[in-house]
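Some structures to go through are shown next.
Each of the two complexes below includes subunit A, the first together with subunit B, the second together with subunit C.
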Partner chain A sequence: MIAVTLERVHAPDETANRPGTEALPGSEVSETATQPGSGAFPGAGVSERTGPGALSGLEVPRYLGSRRRPPLLSAGVRIGVPLLLLIAWWYGSSSGRIPPDVLAAPSSVLDALRELAATGQLAEYLLASAQRAGLGVLVGGGIGLLLGVAAGISALGEELVDPTMQMMRAVPFLALVPLFISWFGVGETFKIVLIAVSAAIPMYAYTYLGVRNVDRKVVEAARGFGLRGHRLALGVVIPSALPSILMALRISLSVSLTGLIAAEQIGATEGIGYLVTLAQQYFRIDYMVLCILIYAVLGLVFDAAIRLVERLAMPWRGHVVAR
Partner chain B sequence: MSGGVRVGEPSTGEEPGAGDLAVRVTGLRKAFGAKTVLDGIDLEIRRGEFFALLGPSGTGKTTLLRILAGLELPDAGTVLAARRRTTVYQEPRLIPARRVLANVILGLPSTAREAGRRALAEVGLDGYGGTWPATLSGGEAQRVALARALVRDPEVLLLDEPFAALDALTRLQMQELVAELCARHRPAVVLVTHDVDEAVRLADRVAVLREGALAVDKTIDLPHPRHRDGPSFADHRRLFLSHLGVVTASH
Partner chain C sequence: MRVAVAILAISLAGLTAACGTSSAAGGGSSSSGGTGAVLKLQDPGNAGPLAYAKREGILEKRLKAVGASVEWGGSYASFTAAIDAVHSGSVNVLAGAISPAVGYLANSPDIKIFSVTDPITDPAAPQTDGLVVWPDSPIKSVKDLAGKQVAVNKGGKGEYLLLLALEKAGVPVDQVKRVYLNPDQGASAFATRKVDAWWAIVRAYPEVVAKGARVIVHGRDLNDQDLTIAAARDELLDKHPEAVRVYLDVLRELTEEAKKTPEKFENVFLDQGPTAVTGARLAQDIATARYANIPRYVTKDDGVNIEQVAGLFRKYGVLSGAIDPADVLFDLKAVAGSPSAAASR
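What follows is the complex of A and B.
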């Protein structure tokens, strides 16, 4: 569109740079007619809108929303980056650009995987680690959830729990390893307690946050209808805080992997953490890389599992998931 | 050109150029899934004209407004609108983390503060610039939203049921304020509402959107201020209500 008089873009600073425009109606006589009515508060007297055509100054509204991405393209981009990394790794190793003592080639990592699977150790180790992590996250996450809900719902709970939990949060749980060994020895108890502590802290923090962000008005209404205590918590507060709680579960699970390495480095004869220790002792780069890949796959599995839980546990949210 | 002039305007002013448009929509179509909400809309709104769009909920009134605001894409048809467009939504949509004045001049340089203060004074919130949005009542927050729209000196002011969430008394006051401010600043206004009285009271022209098309598009030739107990006011109300599918008993 050709547009003369009103074509000028209304630069934000224009408003302020033209003193007098915002004066009382009728007092802006000195204002040039090139931009009628563009002051923040134009007087009503000036109205010389005489464009060359009826459509002067009009434009197609610029779209401000987000465009829908074709699902195939979206999936392609999602997979593309890891795939590129994989290809770069494979190409770098096979062309000799990545020396084997820096990063083992994909083929040797695959060989290590085959070897481990053939002896049955892979399944054994995974199972042992899964049991420890599962039990630890169940106990620690459960305690974190309880404390988080208690602190989020009641003022007394907050006073009782929050200062201690905030202090605990500042302590790196790895600093507890020597103390826990002296208390529990190097057996299973020590490992599970360590993972439980590592999982409880993020669970508490995110649950507390989620509960605090539950719509006060909804809670008020539920209280008005006589809901108290566990009925209020289970029926109203926890479902509403579920997005945060599942986020907490995600973080607890990934933190538990860290706890797993620390726990299984000491006094273990099986488990992924033990495998990491072995790989380090025997300087087997293929096993080191394999362990990293196992962790990566575990991360993916956890993520997919929680996405599924989100979809099943929160039917009211459609397909919106916390990322 | 009945739409151009309002009684009670400080100065009579010149008519905007005969064909001087602020909005032109031709053959606009928009569907959500299988549901076509806008099915070949043609609409022209002149500069300075107060246009109200009525319709039952779910008919696409808001979609049309959102297309003009650039928040939705049309499936077909051409949409042209004047460059400076601002929107007031049903909810105030203020940023809770910024004070009222910062909300008003959102996106403008800090040199616009003075203009922002003046806009606040115009909506009756003189001296509220330093308060937090959370401390405002619903009506006050909506007036801040109005000031935020006006400080940009819109050529087209898009009002998406801006009074729907207010209590009856506040709503009347807000309608009064909007009428006054629009008469003073003369933007082209698109008011989306389901309140027939509100449309007839404020607008130069009222259209009813039904089944994706403008079922009626009528100029309201009554002097301002309009009272709902006037005889022709009731005629207009009955006409629009019948187009909205509401049968009214004749008094």
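What follows is the complex of A and C.
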């Protein structure tokens, strides 16, 4: 077999001109790919060997590399759109184009923020919600991760877990609120369970997807070294599926905010979801807008945190991704 | 691998923390040894007799004398919002009005009304509700409501008063479209003119009047029998009427005090933030508190009020079942009249 592939490599005209037809037939593909120098794109290897002049219509590929955009420009563009929105809001309110009962002015929202910070409620509320959301995402995300890996790795796992999870996925978790209240009461347990359920489902779906997309060759190679069971899962499968898992974490965290609003409407005395309820109850539009801003900032914080984790946990990724 | 171990360790730590906090904050599930009664109340907010009682620990002190205790729970916007908590037993004493209470009782007869507050009749007292329209609205009287959309809170005071007003004006109820919205939703629907009129109640009413709304009719202009009530779960009333009595006593005393010095009962916990009231809102609240009536024990005569509210709701399909007043009223005065009688039970 190897002899055949080597021959093909040395017959560049054929391979280069019709890469599609040659790359297709079955088992030969992997072997071709593993040959040093042949590369995933036959053309790359060819041009290096024979020189660009030998073949018409081919060129040396552009080096993608890890070019970085100028940080200042990047940051400027990044904050540009939110900044424009802020300016439009500020201008609209101060010129009287936006009536205060439709959207509170930035100044009154700032006052509300100052008030909330001065009474210590802001920190208290954020802490209470962070605790609930953190625990919920930890428990729910953990369960989703376990089930996703199980369903992704083993056929039996998939048969056992996937149908139920797909059913769960179709159930809006807000529909479970009355049921959960009768099971868990209206205390902390209810709130954490609700958030856990809301977080488990996206975590499962993305982990499953990520694990299914793990390179078979890598898994086979690891098996060849004798990795089995949890060592295979922790050492190879989960790191390979990490991009999907971190995406799942992003979504789970955002969904947990929805869960927080639903959970803290019932029987809470603190929390940012409770703040929404309070603002509605007391007809304070400034606080309603403040809540939206808090959520927006939390979205940024979550994103930044996950980006940091991505950079730390997947240092190789910068050299693999297209951009 | 190390990362995985770290994650595992963190999650385990988190789980133990979860158990810690849920038992501390949830507390409601652990009744105090089963010997004494536990009054489970909703969060009283930042104003009123109960907020004051919570801050000063008055209920705790007074209930201790009868071997009972109090547990302050979460916050609920209204009686209707608290229904799930009452079902699950997380709240066992709560205040409200007859209208939402009959709605609850029609489905689950596990609470009883033990106290009512007579309606305010003093014409000098500030109004607390009203059917509002915008000043440029063609609606000048209740009769003009035919063919219009009116926002009311479902099965609550707003819907009750609207039905009552329509009946009095001789407008067929099916000619007016009732749009069911909670007070906060009603406020935005009315502000953006998605509904033609709105029966604004409680806190929403002074807000919308301050924004320039015109009032067509007040609840006080009608034969409003939808009294303010206090209710408790059956098991609490049956086993520990003396504890409920202490609650009512404290509420009565503090309401009396709040009539004299209403300022003391505003902004009880915080004078800043969303729950704090200032300026015109504070003045309004103080004026209302001055005219408040004192809650009293229910008597047999209160059955008439319940019958009237439930009957009106039943007539127009808001309620499906009938309510027998005898089943839902609890004569606390007779049962817990003397402390010794209560103790012997």
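Methods note: the second predicted complex is superposed on the first by the 244 of 323 C-alpha atoms of A that agree within 3 Å, B and C clash if a C-alpha of one lies under 4 Å from a C-alpha of the other, contacts with A are read in each partner's own complex, and residues count from 1 in each chain.
Simple rule for what comes next: contacts are C-beta pairs under 8 Å (C-beta built on N, C-alpha and C of every residue); 3 or more make two chains touch, one makes a residue touch a chain.
Keep in mind that this is a model prediction, so the values were computed, not measured.
Asker: With both complexes overlaid on chain A, does A:108 touch subunit B (first), subunit C (second), both or neither?
Answerer: It touches nothing on subunit B or subunit C.
Asker: Kindly classify A:59 by the partners it touches after superposition: subunit B alone (first), subunit C alone (second), both, or neither?
Answerer: first
Asker: Counting only touches as set out at the top, which of subunit B and subunit C does A:154 meet: first, second, both, neither?
Answerer: neither
Asker: On the A-aligned overlay, A:258 touches which partner chain: subunit B = first, subunit C = second, or both, or neither?
Answerer: It touches nothing on subunit B or subunit C.
Asker: Can you list the residues of subunit A that meet both subunit B and subunit C?
Answerer: none
Asker: Given the complex with subunit A, which residues does subunit B contribute to the contact?
Answerer: These residues of subunit B touch subunit A: 9-11, 13-24, 47, 67-73, 78-85, 107-109, 111-115, 118-119, 122, 150-153, 155, 184-186.
Asker: Under the definition above, what is the set of subunit C residues touching subunit A in their complex?
Answerer: Against subunit A, subunit C makes touches at 1, 3-4, 10-11, 14-15, 17-18, 21-22, 25-29, 42-43, 72-77, 81, 84-85, 87-90, 184, 187, 191-192, 203-204, 207, 211, 270, 272-276.
Asker: Quick one: in the complex, what on subunit A touches subunit C?
Answerer: Answer in residue numbers: 101-102, 112, 115-116, 118-119, 121, 131, 134-135, 138-139, 142, 178, 181-182, 185-189, 192, 231, 234-235, 238, 265-269, 274-275, 277-284, 287, 313.
Asker: Note which residues of subunit A are touching subunit B in the complex, please.
Answerer: Residue positions touching the partner: 1, 6-7, 9-10, 12-13, 15-17, 22, 25-26, 37-45, 47-51, 53-65, 67.
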